[in-house]
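Each of the two complexes below includes chain A, the first together with chain B, the second together with chain C.
Right after this comes the complex of A and B.
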């Protein structure tokens, strides 16, 4: 198992290296204009452009340029030029909000997705299943930019149950933190709840026909034990894969729309502003940050996978 | 006299509602099973043998199934027993092992734990972990799995097919059931392993007085271990007798066909392996009368009426069959090229 983890982490570092090279190529090599000009921002002075050109070593060979960029990324010298703010500080500032939003939403969508999917599968073909199918399809079909304004309009303006957007730090007021995040959490989770419940339902219906489920019944387990220990447990494996990918992607940027709509100053909010102002260094930084989390959660998922399914471990140790 | 049967099945009917109508998978099955007896149920795929077996422990109960008749375990009726009663009985008094040991264990749990799960499902928390583990080690030893102490912590994929089937048998024995249903226990195994598993079943049967229902389509397996044989065709029993009666004096043409399609090492190798012409009828659209009629070269005027399953030989009152032909005529017609078999149908002979 340890060997498997180490192998997976080494793989992760390799993937991140490839991603960073791609980011370098896309931002600094491919565009057909002086990179310093673009990095400097829209209304940069020639002096600033000149100093950026020297700082980034754009007259050096490409591998040296790549090394310079990576050095800046790791030492916190990747800087947004107008106004002059280090990118890593901005990202660090946004992380608590983005993580609060993503983790809460992740728990909600996984919890509700599993619950609704389980109920649907156990009652397959029944009234409850049909109702949940409609709910799930509706959840999948309604886009975030529709659901958020509707929720804000009814629950915030009309009924005044929830505060109107913004973010309060967990450390300064946990209750306010919670009430500010409930609507964004559900907004972000709705699509995945629908999707996960459908996937779990069909996985469970497949698993119910497996021979080992018949064996479990034949040895006299109760229907609930059969469903939870054998059907559900084996159906969770693909769900975990999906969750790792989706959760990584949410932290990495899927939450952008939700953060903007609810005025939450997270990483996505920062990225959205950088994009509208054509600030390249922040976009570069956020891209690398996003790539890191996607790859990281993928590795976590693979390790969790090996825990859930012993056959995966065998494949690793056999090599 | 014979002791009272352990398991007694009367007029068992199992039907499933399908889009094409009611599918009568089992139609009027009767048999008794006594302690220590091995009863083989033989038939082609779709003959209803597995459905019969699964119905005994209530595994075919569903919204879409219609089950009638009577199944009594030591006098207790099981057909209308509650689901909870059936659950308590499964694994504890009637255990079942399945055809494919590769897929019949859950791949994500250790084998020992899957057996402990079965024990705990019946003994509850009275049994602590250490006791349960000791019990599993004993069981692994009993079914001939070497190094049991260590191997109970293996996952199913770490076992070979034969070892997995042994583990499956160990699990079935965990609660010392009175009846063991073995649904094609050797079909998925190599021939050498098949013999080992059969001998293991035979030993257990002898040592523990376990009544066994062996479901198979392999007459070689039947000859090896069975005391009595039921031959099923299209959901009905067509012949029922002791091993010797079925093998040396088979009364139903379908049984002859099964015997004829065995290849024998003590005879010259046939040019082509013999087979029964045609294919089994659809259970949704059975012919009137004898279901085997369309494939039977000996069909005559009485066949459109369904013959009862009854003893037709005065010297063998327990040998029952469903065929209208007079016994003397049967003994003559079943001789094909010096051995028991089913004549090829007229069209095939002309070719």
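Right after this comes the complex of A and C.
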């Protein structure tokens, strides 16, 4: 187990190194204009451009430039230039909102996904199953930038049930926190609810044909016990892996769009504003921190998975 | 259709493609969505016709001070307060059918049709590029095995585990600011080839990984051994023997990847890291439209519905093709902006 953890962590560091090199290449090597000019932003003065050029050492060889960039990221010296604010402070400020959004959405999609998937599988072929199939396919195809405007228009503007965007800290008012987040949560969760219910359904249908299920039935267990203790439990492991991967990808993906649509001042919102102002340092910072989170979460999930399932730990030698 | 000729029966005189076509045509849902998809394509192709003969305006033409004469009353396209006109349907002879898009007073319907051209173009072209590159990488990795496979497979794994939307944003913004120059390839920042390039690169693993797996198993088959015994070289084995057997998988992946890439493009464009003005796509139209959501909800919702219909029809067509071409196959590529393919479903 320890060897697996070490191997996985080494892999994680390697992937993070690749990400940082990619980010460096994306921002400092590929583009076809002076790098200091780009970093300075839209309304840069020649003085600022000159100072950025010296600060980042753009006349040095590329590996040295890379080292300078990484040093800035690790020491919190990565700053946006107009106005001059450290990027890491802005990101730290956005994290509570981003996590509130993502974790809540994750709980909702896992809960509803499992519930609907279980009901679908138990009544496979029935009316409920067919209805859920249609709902799931529709849910998978509706992009967040359609769900959110529809929900906001009808539930916020027309019926005035929910507050109009924004975010309230959990510590300052839990009720407001909840009402502000319900729509964003569901917006983010709809796609995955449909998807997870399909995956769980097909996993359970596969598991129902296994020998251990026949054994359980032969033992005289009730149908409900067979379903929950044997079929469902064995179908959950792939779901957990999937959840680990998706959760990281959501924080660094669709959550950004959701934050923009609902004006939630999280990390993604910060990045989106940097995009519209063409401010590169924040995008650089958010990409690196986001990548760290995604990769770290994937590693944690893999380790947890290996703990649950020895076959993974032992790799190919077990087969 | 000849009902006595059972598909799949030994005496069938029809080829596998014909059988697949028959199976596909029997899938009413898939055929229905195929028709819908063609309707959407026709809709965007008709953009110049509508623009020149009905709306009499272009997608980027502004109408800030123009007035419409509708049923004897005068309506301003953009009011003094900067509020654009709502949908006119056919009241103004087709002008401003869906209203104007912002204080610039551009015709939303014309923009919807032209924007759809760009969304579909980016989706199809990037899917072509991704699929081609992915198939070549998958063939090389699965055929040569050894270190070639290790290098390609590890690279794909790394690319797979990256936050693609974030890196896509980073690359999209960075290129939008300053363009690209690598050897003979030169792109200006506003070119729609920037998002095409970004999307093509970051979606390769979604197709290359399953293709590699299939090549690995195909290369163990008897027909490959037979070809080796005949003295076939690696090129003939890869492209003459293995590639034709991947055809059905490639067709399915190509269809699903158009849908996936259109969602990716919409996400990038929505955030300002994809299609740049003066070009517009459905994604950029939504980002302009949400600002007026309270008064003109259709501006954001209609392009969103267009994206959904296109993506939904491509997903259903893709599923139908998979069932028709290879009923036993379980490989899938899921269209989503979260962009993670379920390992469980591919096994």
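Heads up, the rule we're going with is that the second predicted complex is superposed on the first by the 312 of 319 C-alpha atoms of A that agree within 3 Å, B and C clash if a C-alpha of one lies under 4 Å from a C-alpha of the other, contacts with A are read in each partner's own complex, and residues count from 1 in each chain.
Just so we're on the same page, a residue touches a chain if its C-beta (ideal position, glycine included) is under 8 Å from a C-beta of that chain, and two chains touch if they have at least 3 such contacts.
All of these numbers come straight from a predicted model, not from anything done at the bench.
Visitor: Using the superposition on chain A, decide if chain B and chain C clash or fit.
Guide: With chain A as the common anchor, chain B and chain C both fit in the superposed model.
Visitor: According to the stated criteria, A:308 is in contact with first (chain B), second (chain C), both, or neither; which is it?
Guide: First partner only, chain B.
Visitor: Contact-wise, after the overlay, does A:193 reach chain B, chain C, both or neither (first, second, both, neither)?
Guide: neither
Visitor: Quick check for you: in the superposed arrangement, does A:229 touch first (chain B), second (chain C), both or neither?
Guide: After superposition on chain A, A:229 lies in contact with chain B alone.
Visitor: With the two complexes superposed on chain A, say which partner A:217 touches: chain B (first), chain C (second), both, or neither.
Guide: First partner only, chain B.
Visitor: In the superposed arrangement, which partner chain does A:152 touch: chain B (first), chain C (second), both, or neither?
Guide: A:152 sits against chain C, while chain B stays out of touch.
Visitor: Once the structures are superposed on A, label A:23 by its partner contacts, choosing first (chain B), second (chain C), both or neither.
Guide: Once the two structures are laid over each other on A, A:23 reaches chain C alone.
Visitor: Looking at chain A, does chain B or chain C touch a larger number of its residues?
Guide: C
Visitor: In the superposition on the shared chain, how near does any CA atom of chain B get to one of chain C? Answer in angstrom.
Guide: Taking the overlay as described at the top, chain B lies 14 Å from chain C at its nearest C-alpha.
Visitor: Following superposition on chain A, which residues of chain A contact chain B and also contact chain C?
Guide: Shared contact residues on chain A: none.
Visitor: Residues of chain A touching chain C in their complex?
Guide: Spelled out, the residues of chain A in touch with chain C are 14-15, 18-19, 22-23, 26-27, 30-33, 38, 137-138, 140-146, 149-150, 152-153, 157, 191-192, 195, 199, 202-203, 238-239, 241-242, 245-246, 248-250, 252-254, 256-257, 260-261, 271-272, 275-276, 278, 280, 283-284, 286-287, 290-291, 294-295, 298.
Visitor: Quick check on the complex: what are the chain C residues that touch chain A?
Guide: Residue positions touching the partner: 158, 161-167, 169-171, 173-182, 186, 263, 266-267, 270-273, 283, 286, 289-290, 293-294, 297, 300-301, 304-305, 307-308, 311-312, 315-316, 334-340, 342-345.
Visitor: Under the touch definition given earlier, write down the residues of chain B that touch chain A in their complex.
Guide: Per the stated touch rule, the residues are 57, 59, 83, 87-92, 95-96, 98, 100, 103-108, 117-118, 121-122, 155, 157-158, 168, 171.
Visitor: Residues of chain A touching chain B in their complex?
Guide: Listed in rising order, the residues of chain A that touch chain B are 210-212, 214-223, 225, 229-230, 233-234, 308-311, 314.
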